[in-house]
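Dropping the structures in below, format is structure tokens.
Consider the two complexes below, in which chain A is the common component and chain B and chain C are the respective partners.
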Partner chain A sequence: MTKVEIRGLRKSYGAVEALKGLDLVVESGALVALLGPTGAGKTTTLKCIAGVEKPDSGDILFNGESILGIPAWRRNVAMFFQTYALYPHLSVYHNIAYPLREQKMSKDEIDRVVKSVAKKLRISHLLDRKEPSTLSGGEMQRVALARTLVRNPLVFLLDEPISNLDAKLREEMRTEFKRLHRELKQTIIYATPDYLEAFAVAEKVAVIKDGVILQYDTPINLLKRPKNRFVATFIGSPTINLLRGVVRRGARGWEFSTSGLRLELVSVGGAFSKIYDGLEVELAVRPHDIILGEQQNGNTFKAKVLAAERLGHETIITLSLGEVELKTVSKGMRLYKYGDEVSISIPGDRVILFDVSNGEAIH
Partner chain B sequence: MANLQNNRRGRRKILRTVLIYFATIIAVIFFIFPIYWLIATSLKTRAQAFSTPPLFVWEPTVRNFIDIFLKRQTEIEAITGQELELATGAETFFYNSFIVTFSSIAIATVIGVLAAYSFSRYQPHGTNTLMFFILSTRMLPAIVVAIPIYFFYRSLGLYNTHIGLVLLYTMFNLPFAVWMMKSFFDEVPRDIEQAALVDGSNPIKVFYKIALPQVLVGLGATIGFLIINVWNEFLFALLLTERATRTVPVMIAGTRGEVGINWGLIAAIETLYILPALVLIFVLQRFLLRGMTFGTVRGAK
Partner chain C sequence: MAKVRAERVTKVFKTLKALDNVSVTIDHGLFFCLLGPSGSGKTTLMRIISGLETPTSGSIFFDDEDVTGLSPSERNIAMVFQFPSIYPSLNIYDNIALAIRREVNSKQEERERVQWAASLLRIEEHLKKRYHEIDFGILQRVSIAKAIVRKAQVYIFDEPLSNLDTKLRESLRSEFQHIHREVGGTFIYVTHDQLEAMAIADKIGILRDGRLQQVGTPDEIYYHPLNKFVAYFIGSPTINFIDTKLKLVEDKPYAFVGNTYLQLDEKFKRALQSRMGKLENLQLGIRPHDISISTTPVADSIPCNVNYIESLGTSLLVELVSGPAAFKCLCDATLNIKEGMQVYAVFDKEHIHIIDPETEEVII
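And now, the complex of A and B:
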């Protein structure tokens, strides 16, 4: 059980700043996801923790003690590499056994551990394969995962461990990670670009972009209370609706207005504090929060159907309200035609406002 | 009509194939013939070797191959009155060639591989400058440094010693070894080595357990090229050796042009001389081709 603390981590590659003062605290035994787009700094962060990259400044602590002075081979951290990084000249068995042999574990013990992990990951039949390069992508990924999981390290670092598997296996592996985490009771840092994966596996998710953590929170808070525009748009599918407009003081409180559309706002936690008349904002509302049909709260509009994508268990409907386009989601298979007229209502307490000048959320 | 055209096209195709094969055979004969003639001559007596028209059918003899090692044939040089030992006692020269080739390549390979790995992985300050500097030592024609090195060796007591030749060849081969091996190491994905570090191997173990096995093909190609370089080297061997340390190419050249050349003996030595190179090229063929098409061009990053 290890508590991992990262303080003001900076790392540049030449002119490119990969990490710009990253702070993160992972509680002992927690499974935390590092969620961000490609090039956000996920891999660099993990490599700094593993010790194979040296940060320019900042500190990394395990249980309150800095580990920057300990070389990678003595840090006792296990890492899954996004590129798998299998040893091409070793058989599958010896790839998985490699870290154990470096620990001078006895032959019998190694054999037992390798076989049990291989069985768990369903690669027992591959153990005799001489050249890992002849394996399929999914098989390589599982072999690399096995090599990570045979160890009993202080921290597990997993860099996109299931991104290349097919959908079915990916689903199984997500559950597997949860179970694994329960059994191992180890600290796990899990990097992924897929918010669904992050939400499914992790208790807490750190959204990372351009080398800084934008928000570190539970999945539900990331979804409901994003701190800024990027977090709001990166998480959720279909993507959150964004409307640009101005805040005005209306007859019954604050109103949001844009061309041909006026919305009454309801503050969630009391009054809006940072709002003033004429403030330029972006209003965000999740497709799932838009209700099809008339509602009593007033924010009801007539809209025209532009397109409807039927996905089986739900239907994504693209609507036009004058000059504004919105997406909404409806349960089940719905039949809509282009040009159909529908009523929608937008609950005033479900919208999020972002300051146009800096993209920060206004609460 | 169409049939006729097809027919004509078919015939033209056959003609083309025949021509290509014919040209290939001519080219092969052109290149193989000297080697054939060399081996043939080594199996002829002195009289047969000189016969006009040349003999294409004769009873082969291995006498020459025995003579070059066992016979002591000396002649008195007409003008100087010096005693010359001709084309015999070849074992000394083969021994010299082997010792010099083996030692210099062993040293150049070990130093070259280690240097290449550190340039590729650790990129010490001034890597590019150093790499260029290393390369620049090969830009100067060897003949330019021949005379200084000759005097240098004389005064240092390295003249006419095995160690002298070994040092010289090591120096000439190192740039080649470093450049070639660096490009092979550059190809090894860094993640593999980082994974090994995380898995508990220290950098020295990472080098020989992980990095080195990835470049074995490149290492084979590099060693192959180096062997050919040294085995064939003539200029410095001629300048810096006397009879005791003379290598085979110098000995062959020295024999020719003296009185009463026995071409059969020379051909026998030459046959034995090209044999290791031929075997090596066949064995390393795959590696050498890979070495030529892959690697060296990628250069310093």
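And now, the complex of A and C:
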């Protein structure tokens, strides 16, 4: 069990600053997701921990001790990539046993470790397979993972481990990862660009962009209380609706107005302390929070249906309100046609305001 | 636009049978999705329909003309691939215009049609730009504009969204129905993403191991899957399959789930009676969002233990265990449950399927 601390990590490649003072603490035995778009610095962070890259400044500590002086091959960190690179000439068994043979472990001991790991990953039945290239994507992935696991590393670094799989298989594998973590109870850092994957596997998620962590929080907080516009838009499907407008002092409190649309705002937990009449903001509301049909407490609008995507468990409806386009979500397979007129209401306490000047959330 | 018909199409690559006797009719003007996992043959079928590949046996008809021996251009096909195909030396306007240089009679017509395609794909502001000045998502929009600007018999899309990031994919996906409506042609769209197919298609054809499993509207394949594979492949999170046996008690049908007998709707009785003698070793299929959880005992529920909770943000995917049975249930994140807790699962009986695991057929 290893606690990983990253302090003020910086790394540049020529003129490109990949990491700009990244801080992150991963508690011992935790599975933390590093979530961010391509080029955010996820892989660079993992490489620095593994020792494949040397940071320009900052520190990385395992259980309170700096590891920067330790060469990669002695750090005992396992890194797992998108492509699994199995040895094509070795059987599944020998692929998994390979790192142990390198460690000069005895045959009996190797056999014991390989079999127990294979059991955990549910690939015992594959051990005798001669050509790993004949395995399915999910199976190859498990074999590669088993090869990493047998080394019993201090920390696991998973770099988009399931990005290469089919949508259906991805769904199954992410459950598998979480299950595995429960059994192993080892420290895992899991990099992914897919927020659903991050939410499904990790209890805490660090959102990374441009080489810094923007928010390190639980999934529900990231959804409901994003610190800034980027976190709000990067997380959630369909993407959060954003409307640009102005805050005005209305007869019944604060109001938001944009082209032809006026919304009464309800502050959650006390008054809005940082807003003033005429402040330019972006108002964000999640599609799941927009209610189809009229509500008693106002903020009801007429809208026209532009598209309905019926996904099975839910239907995503794209609406037009004059110049404004919004998405909302309804449970089940709902029938809406292009041009249908509907009423929607936007609960004033479910919206988030962002300062236009810096994208920070206003509370 | 054309009606497309594949008749008993088989394709063998060396020893691999990529397509096995596939017949399907795609009505003109339809938005048709070919859906399946990798290796199912969907790309091969698409390539045979478009003329990039010849079938080992079988034929392709456009309307009633046999086009099996014709090239893609003779078939008048417009295609969009996974990667944008743009000439870097031309600006975006010229790239789109190039696609219709043989179709237009005047500069005026060219301008009008390029403008129309650009506005449909929301890329008007990029028309003057070059390849290297715009990002990947816009480039893919340009590729689609290049295809739909033409007056083709069939428009073919080969996983056009699969290389886009989630956000871009989502926004383009919601526009696809509108694009189809405006273009008004026959669309054949290949994807492995069932959500994408559900979201945009009029009809979906599901392939597995080179065989067509089912053709139907999203509603049909979602609510009435013909076999276990379709039930499994469509819908997210994946449907539960629970081992079960059925029995009639006082003329009422029951299914054994976990440690409990659950009463079923009357409609199951007929199906059950027709299978007299084989009521054991069956499976009950139910989707995770058709199961709800109660923390207090309710009538007609299954007592379970919460084994495992997976957060999906606003909802939770909860694995419940009852005796030998384990199944997942999708519920609201506000539900106050913990792992290890005793709860009661309520199945929505409208949406229960009974499956014969041997034949993989959905009995009802």
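In this text, the second predicted complex is superposed on the first by the 317 of 363 C-alpha atoms of A that agree within 3 Å, B and C clash if a C-alpha of one lies under 4 Å from a C-alpha of the other, contacts with A are read in each partner's own complex, and residues count from 1 in each chain.
The rule we apply is simple: contacts are C-beta pairs under 8 Å (C-beta built on N, C-alpha and C of every residue); 3 or more make two chains touch, one makes a residue touch a chain.
Keep in mind it's a predicted model, so treat the numbers as computed, not measured.
In the superposed model, A:147 lies in contact with chain B only, and not with chain C. When the two complexes are overlaid on their common chain A, residue A:179 makes contact with chain C while staying clear of chain B. Once the two complexes are laid over each other on the shared chain, residue contacts for A:236 go to chain C alone; chain B is not touched.
Within the superposed three-chain model, A:196 lies in touch with chain C and out of touch with chain B [touch as defined at top].
Using the contact criterion defined above for the overlaid structures, shared-chain residue A:72 touches chain B, although it does not reach chain C. Judged by the touch definition given at the top, the superposed model places A:294 against neither chain B nor chain C. When chain A is checked against chain B and against chain C, the one touching more of its residues turns out to be C. Of the two partner chains placed by the overlay, only chain C lies in contact with A:338; chain B stays clear of it.
Comparing the two complexes, no residue of chain A contacts chain B in one case and chain C in the other. Listed in rising order, the residues of chain A touching chain B in the complex are 47, 50-52, 71-79, 81, 83, 85-89, 98-99, 102-103, 147, 151. Within the complex, the chain B residues that touch chain A are 189, 191-192, 194-203, 205, 210, 213-214. Every residue of chain A that touches chain C in the complex is listed here, in rising order: 37-38, 137, 166-169, 171-172, 175, 178-179, 193-196, 199-200, 219-220, 223, 233-239, 286, 288, 306-313, 316, 318, 327, 331, 333, 338. Of all the residues in chain C, the ones that touch chain A in their complex are 37-38, 165-167, 170-171, 173-175, 177-178, 181, 192-195, 198-200, 218-219, 222-223, 233-238, 287, 289, 308, 310-314, 317, 330, 333.
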